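Scrolling down, you'll hit the structures one after another.
After this come two complexes, each holding chain A, first together with chain B and then together with chain C.
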Partner chain A sequence: MHLDIEGIPVLFPFDYVYPEQLAYMRELKYSIENRGHALIEMPCGTGKTVTILSFLIAYKKAHPASLEKIIYCTRTVPELTKVVEELRDLVQYYADNGQHLDLLSMSLSSRQNLCVNPEVMSCGGRIEVDTECRRRTATFARRNAKMSPGGENPSCSYFENLENSTLSAKLPRGIYNLEDIKEFGKEETLCPYFMAREAINLADIVIYSYNYLLDPKISSVVSKSLPRNSIVVFDEAHNIDSVCIKSLSVKITKRTIERAADGLEKLTARVDEFSMSKKEELEDEYDRLVRGLREARQNEDSGLGGPPVLPEDVLTTAIPGSIRKAPIFCKWVKRLLEYCGHRLRIQQAIQESPLSFLRDIEERVCIDRRSLRIAGERLQNLIITLEMVDLTGLKEVNDIINMAALAATYTEGFAILFEAIDERGIPDPRIQLACLDASLVMRPIFRKYQSVLITSGTLSPIEMYPRLLDFQPVVMTSLSLSMARGAICPMIVARGNDQVSLSSKFDEREDPSVLRNYGNLLVEICGVVPDGVVVFFTSYSYLENVVSMWNETGIIEGIQKNKIIFCESSDITETSQALSRYREACDEGRGAVLLSVARGKVSEGIDFSGHYGRAVLVLGIPFIFTQSRILRARLDFLRTKIQVREQEFLVFDAMRQTAQCLGRAIRAKSDYGIMLLADVRFGTPGKYTKLPKWLTDSLSQGSLSLSIEDSIALSKKFLRQMAQPFPRSAQLGISLLDAEQAEQYLRRIKNEAAFAKTI
Partner chain B sequence: MVRDRTCPRCKTTSYRNPSMKLMINVCGHSLCESCVNLQYARGQAPCYECALNLKKSGFRIQLFDDPMVDREVHLRKKVLKIYNRRMQDFSSEYDFNNYLEQIEDIIIGLMGNKQWALDTMEKYKRDNQNDIKRNSAKQQWALTAIFTFDKERATVNEQIHLEKQNIEDAKLKLARAEQENKLQRLRQEQALLHKLEAGEDISSIIKFKEKIINREDTIETATVSFTANEEKKTESYIYEPIVFANDGLDVPSSDVLFRTGYTGA
Partner chain C sequence: MDEGGDKHSGYRWEGGYERTWEALREDDTGALISGSSAAKRLFAKKRLAQEAGQRIHIVRHCVLALDLSRSMADPDLRIDRYPNRAGCAVRSLKEFVPKFFASCPLGQLALVILQNKRANIVVPLGGSEARLLKALNDIEVKGFKTGGQCSMVNGIAASKSMLNAVGEHSNREIIFVVGSLNTIDVTSPFATIETVANEGIRCSVVSLSAEVNIWKKLAERTDGKYFVPLDPIDVSDKLEELSRPPVESSSRQGVLVKMGFPQVKAIPTLCDVCKLSLVSAAHLARCYHHLFPPSSVTPSIPEQSGEEIDLELERSQFEKIGPCVGCNYAPISVEEGRQFVVCDKCLNSLCGECDGFIDEHLHSCPGCI
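Moving on to the complex of A and B:
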């Protein structure tokens, strides 16, 4: 249908539109026009992707100068494929309506997903594929192959072909999914991976996953020439601060050091080899370093990724004299490794700031800050000069150097933790450089790109994000779910039938009456709800405890009378097995129960639409494991720098996780589900107000503190109501709008907004 | 590197004796503590591996797994005490880098016990005695005093001290704020109890309680700024040196003090 969003003609590929989608487009328009960032929360299952894509394409068509590129970042590769398919349908719809869009859309993933060379593909894991690819595509390898074809350096015909042709001429414009790129590559004998990397600069729409933009090591190689007047969309971005933090954190264990030592031995041996046979290469490199020439080697990819620090913090001075000669540099690395080995022998846990870490390094092994910052580049240079292809062991060396470089560059926002045992009490000494400040990574992105959109179904409490990521959004809204019939039934179950408060508080975890009540709740729900029920526990250990207790008291048998039980475990193959069987059981008729964990794989990505998820039960509040030292360091940092109290942050994190779990059940407008929050603490205003708007709208004051009986009664009533036939005509005008009603709705909210401004 | 360390004489490993300490001497060979005590009971003995005559006092505890690295670090520290110029002392980065390379060459020479290295070092020490003393005094002074307004050139030690101070200040401020909150809450609860005792109207009591709950929220958010790092620009303090009249000589400036060697260290 044709929509007109305040002057922009938008072609929407469906006959009906939801009011939230219209509101979303309006907000998006506002943020683009004001060249600012947006934080929009839209309920799950309301077609976010198609809304964003259709509006952005329409805007690009109407104002091509102000929006050059659309950069769409997704969390996982399956999500990436979904987005590309939606885009393809959209472009098809445009074509059917007589408007031909001349767009090039490119997606990018790792070599493992894109390579078509059969020799390389057969190698197995990601690292092996990367190594084999480098063996054929590194500059020196190609030089050797040209000089002595058929020798020890094989060449990749796909890559050679690509180097000799101009991509823009050969690549027809269109929508390319990962499979499409591979097909095209196979047909034309062009390397799909490098083609995609190059095509990103030519494409109008770029679709890839978060770390291609956020992780400095990767983005400096892949995304450095994206133009400023683009819009960056982060989809499903509720966990974006954890992604940012992970990309700047490094962990070093005994194994890392052992492997690094092996890698260093290889490197030293190679240096010795070269100093006998190929002296000129080393001397050449030395001369270049003396003169401070850096440009020549910048464009070569050594295979270890770019510098781990943000682009503006990369040191651009010449390489210091203390690490210029190759054998001296190897000794320098050895000193650094010995230092790390020495520190790993600690017996107790220590937390240090980067500055005291640097001072200790300087005192013990006389390595100064400047050389730490540049060492990464020196290593890259050396690897390229020595023509090394096999990088096993050198990756670990690079990790250690990266950690030291990060500590040397950033004095604030990082903590270095030394631990001797891990969470379960097993001795595992390690050094962890933990980034505490998520805004470090996001800041350059907010500064560089004109508009950044962070969107998800569960961004509440939404005010935390500008504080955590340190930016000023021009738009910060939470859209509610328009429903013609109350399709969600959220309830907070606070006590059992014996008036015992239900809670997953640490002290009450072992309390048998609480566990018994949880069991009763589950048994009753299984008796009332048809099809699938998903249960979320706060942690794996809690799940195991509870299930074993239930087994002893006969609750498991009670559940099994009505439904089959499946359980998620920490092993991924077991979980996917359990999941597929669960779906089978739901299809059969009687349904099943899936016991999973709130921070596990199920809650992060699996959809339980329709009959697969008729009821979602969250047992307890899924607080993060509070004894972890990294979390303590982060909470300290947040408290001192951003004035976010510990409790505030923990509650924010727990509520966001809960909302994610609850959002699993609703994937479409015609879907309905029961959402039970089984903890007395959910009923306090400090907690339930932090749930997303689309949940709290349906949460009535009376359902804040129910007993098990009441909740079952309400569920029965709800299910009977939902089972009534619900024709589309009943939704029309309220939650589903056709073209006229859409126009009316838009006019109405425009007037409301104008009126609100005049007050 | 993290493999078991073995004593060459008694062959015990760190696995069998976790508290075993290796000691290393000037020639770079290591021995475990008990073997040192046994063999060097007379104070002097040949090294177990290279037969060089060594003194017991020359032994120090080995920190690193590889004795070569340990020896190198020891030598490096000695060299750096003599070659202690910093980047600020050079006119260009190029010169500084060449100086650094010189140091590395000397260290390699010393590791191989080359005479030319020892000679060069002695010569440098004699020629630059004053400079060496001055630099080491400056660096000692920098360790204790924290006067630097140019963060880029501040050494690591100075920044650490500043950092500690900042953390302490922030902690104090927060502790104070927390206490304030607690007191407020107590006061409000007291007020509520008073109201109940006085037998006031139920609806007004409920309203009062709601006010308390809501006010708690506002207290929580009051200490929070919506924008994380707002720096308030106030007028910066301009230093005006104190002028006091004295009838004698002027106080010498810090440059003069260093040049002539008077620092009281």
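Moving on to the complex of A and C:
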């Protein structure tokens, strides 16, 4: 259908459009026109991706100069594939309407997902594939292969072909998903991975995962030459701050040190070998290093990724003398490793600031801050000079150097933690460099690109994101869900039938009466809700405790009368097994209940559409594990530096996890589901108001503090109501608009906006 | 409500929380309106209009499969002296049986009970209303005993064993009345669904609990209907809908059926020797109305479109309404006049009640005769 979004003609690939989608497009237009960033929350299952794509493409078509590139970031490869398919449908729809879109859309993933060289692919794991690829494609390797064919460096015909051809001439324009790229690479004998990396600079639309933009180590290699007048879309971005933090955090354990020691040994041996046979090359490198770092970078990929620090913080000065000579550098690394090894011999946890860490390191092993900042680059240079392919062990050396380099570059926003035991209480000494400030990663992205769109089904409370990521959005909205029938039924269950209040509060969570009531709730729900029921616990350990307790008290037996029980575990293969069995049980009419964990794999990115999830239960508020020292450090940072109170952040985080869990059940507008929040604390205004607008809209005042009995009665009624036939005509005009109604709707919201302005 | 469920004797305080006041509705003046009867009439009219000119099945062989598993002990659908879902189902089936034979005198019914994962044939296919009602009464006398779980595959197998004996000419149906949220089967239910679909057995499901995916799939795949009634009255309504002969949607060729007219009591039935359909002339005559539906009607006071309502016009239309040709009642207000219709054929007035009665039971307008 044709839509006119304030002067932009949009071709929308369906006959009907949701009101929220129109509102979304308006907001998006406003943000692009004002060259600003946007934060938009739109309910799950309302076609976010197609809305974004159809509007951005229409805008790009109307104003090619002001929007050069669309960069779409997804979290996972399956999500990436979904986006590409929606884009393909959209382009097809344009073609069906007689408009040919001359677009090039490129996707990018790791070598492991893209390589087509059979010899390389047979190696299996991600690291092995990377190593084998390097053995064939690194500059020196190709030089060696040319000089002595059949030697230790085989050549890769796919890569060689790519190097010898101009990609822009060869690559037909079109929509490429990962499979298409591989297919094309196979046909034309071009390396798909490097082709995709090169092609993203030519493409109109780039679709890849977060890391290619967020992780400075990767983005400095892959995404550095993307143009400023692009729009960056972060989809499902409710956890974007955690992703940012993770990309700058480093963890070092005893094992890392051991491996790094092996790597260093290898490096030293290689240096010795070179100083015997190829002395001049080492001297060459030395000379270059004297002249300066920038020049020394040979514009080559060492295979370890770029520097961990952000582009503007990379030093441009000459390499200090202490690490210039290769053998001396090796000794320098050895000192660093020994220092870390020494610090791992701890009995109790210590937290240090980067500054005190640096002082300590200087006092003990005479390593100064300046050389630390540059050591990463130095290592990469050396690896290139030494023509090293097998990077096992050296990756760990690089990690350790990166950690020190980060600490030396940023004195604020980081904490260094030394811990002797892990979260489960098992002795496992580790050093962790924890990034506390998510804005460090986002700031250069906000600066570089003219518009950044952060969107998800659950971004509430939305005011938190500008504070955490330190930016000023021009658009910040939470769109509500238009419904022709109340298809979601959120309820807060506060009490058992015996009036004991339900809570996962630390001192009450093991209370037998609370556990019994949680059990009763689940048994009763299983007796009322058909097909699939998904239950979220606050943590794995809580799940284990509760299930063993339920087993003793016969509650498990009660559940099994109606449903088969499946359990999520921290093991990924086990979980996907359980998931596929769960779906099977739902399909065959047996009915199933899935016990899973908030923040686990199931709560993020697994959809339970239709009968796979007729009810979602959240047992207790999923607060993050507050005893973790990293979290403590982050809370400290948030309190002192950006004035976010501890409680405020914890509630924000818990509620966004809750909303994610609840959103699992609703994946389309015709879908329906019961959402039970089983904790008395959810009923306090400070908590439930933090849920997304589309959820709170359906939460009636009467459902804020129910007993188990009441909630079951309401559930029964809701399920019967939802089972009534629901023809499309009932939705039309309310939650579903045809072309004419869409026009009316747009006119109305425009008038409303104008009216609001006059007030 | 966990253990067995037989303990539920139906005390009000043991049951769920009800919002009885929500069923009441008011009109603009604040008076209570009985929405259901008017809505029902409208619905009947719509159905008649839809069926006009369509081919319908009046020879039906239908198996009633009643779930008496544990889930039927839930007291949420209790009504009058019927304490639970099972009671509610029996109550509605007792209404269903006579309606079925009234609208399809050539039809035959059987009753299968699904319990403890088994399916027991309680009444085999036959045309005896009394036998079915007795079987349903027996369930009531035994106190609506429920137990175990329900198996779709076994239910279908038992029903099929009876339906397979019937010729292609008949519309073969299974009507499930289930409360269970699942089905416990030894083999995959998908294969069973495929076989019944291929054999052209229509499966309709009345679910007393909620929309269950597999049962809905069964109904959709076999071209049957799927209902989830909201309350006990609705259960009867939905079953009533199923009691009416279904419309043939596919382009299946009609077949001529040989029939015999013997002087025995239990007809309609099949001849034990040659499988000839045995009927009586009265049965055939009672099917007549399906071929000639009652004449169409138009409202005496047509609803006005637009925002302004012309009261003068309505008044004049009201004054033209004569007394009902059925009951001789004349409307006393415009409000009552709205319920009146005019028969398009004989141009006599009919009151709302009589109009509904004609559509449902009489099948011809008294003015036209």
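Here is the rule we go by: the second predicted complex is superposed on the first by the 754 of 759 C-alpha atoms of A that agree within 3 Å, B and C clash if a C-alpha of one lies under 4 Å from a C-alpha of the other, contacts with A are read in each partner's own complex, and residues count from 1 in each chain.
We take it that a contact is a pair of C-beta atoms (placed from the backbone, for glycine too) under 8 Å apart; a residue touches a chain by one contact, two chains touch by 3 or more.
Predicted model only: the values in this text are computed from it and were never measured.
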### Query
Clash or fit: what happens to chain B and chain C when chain A is overlaid?
fit
### Message
Is A:Val523 touching anything from chain B or chain C once the two structures are fitted on A? First, second, both or neither.
### Response
second
### Message
Is A:Gln724 touching anything from chain B or chain C once the two structures are fitted on A? First, second, both or neither.
### Response
second
### For chain A as apex, the angle formed with chain B and chain C - C-alpha centres, to the nearest 10 degrees
150
### Query
Does chain C touch more residues of chain A than chain B does, or is it the other way round?
B
### Message
Under the stated touch criterion, which partner chain does A:Pro466 make contact with: chain B (first), chain C (second), both, or neither?
### Response
first
### Message
Just to be sure I read the superposition right, which of the two partners does A:Lys254 touch: chain B = first, chain C = second, or both, or neither?
### Response
first
### Task
Would you sort A:Lys641 into first (chain B), second (chain C), both or neither based on which partner it touches?
first
### Query
So, does A:Glu338 touch the first partner chain B, the second partner chain C, both, or neither?
first
### Task
Minimum C-alpha distance between chain B and chain C after superposition, to be given in whole Å.
27
### Task
Using the superposition on A, tell me which residues of chain A are in contact with chain B and, in the other complex, with chain C.
none
### Query
Tell me, which parts of chain A touch chain C in their complex?
523-524, 527-531, 558, 561-563, 586-591, 610-611, 614, 709-710, 712-714, 716, 719-724
### Query
Along chain C, where are the residues that touch chain A in the complex?
1-2, 16-18, 70-71, 76, 152, 181-185, 188-190, 207, 209-215, 228-230
### Query
Given the complex with chain B, which residues does chain A contribute to the contact?
254, 257-258, 261, 290, 292, 317-322, 324-325, 328, 331, 334-335, 337-339, 341-342, 344, 353, 355-356, 358-359, 362, 364-366, 369, 411, 439, 463, 466-467, 470, 472, 639-645, 648, 685-686
### Query
For chain B, which residues are in contact with chain A within the complex?
1-2, 63-66, 69, 72-73, 76-77, 80, 93-94, 96-104, 108, 156-157, 159-160, 163, 167, 170-171, 174, 213, 217, 220, 223-229
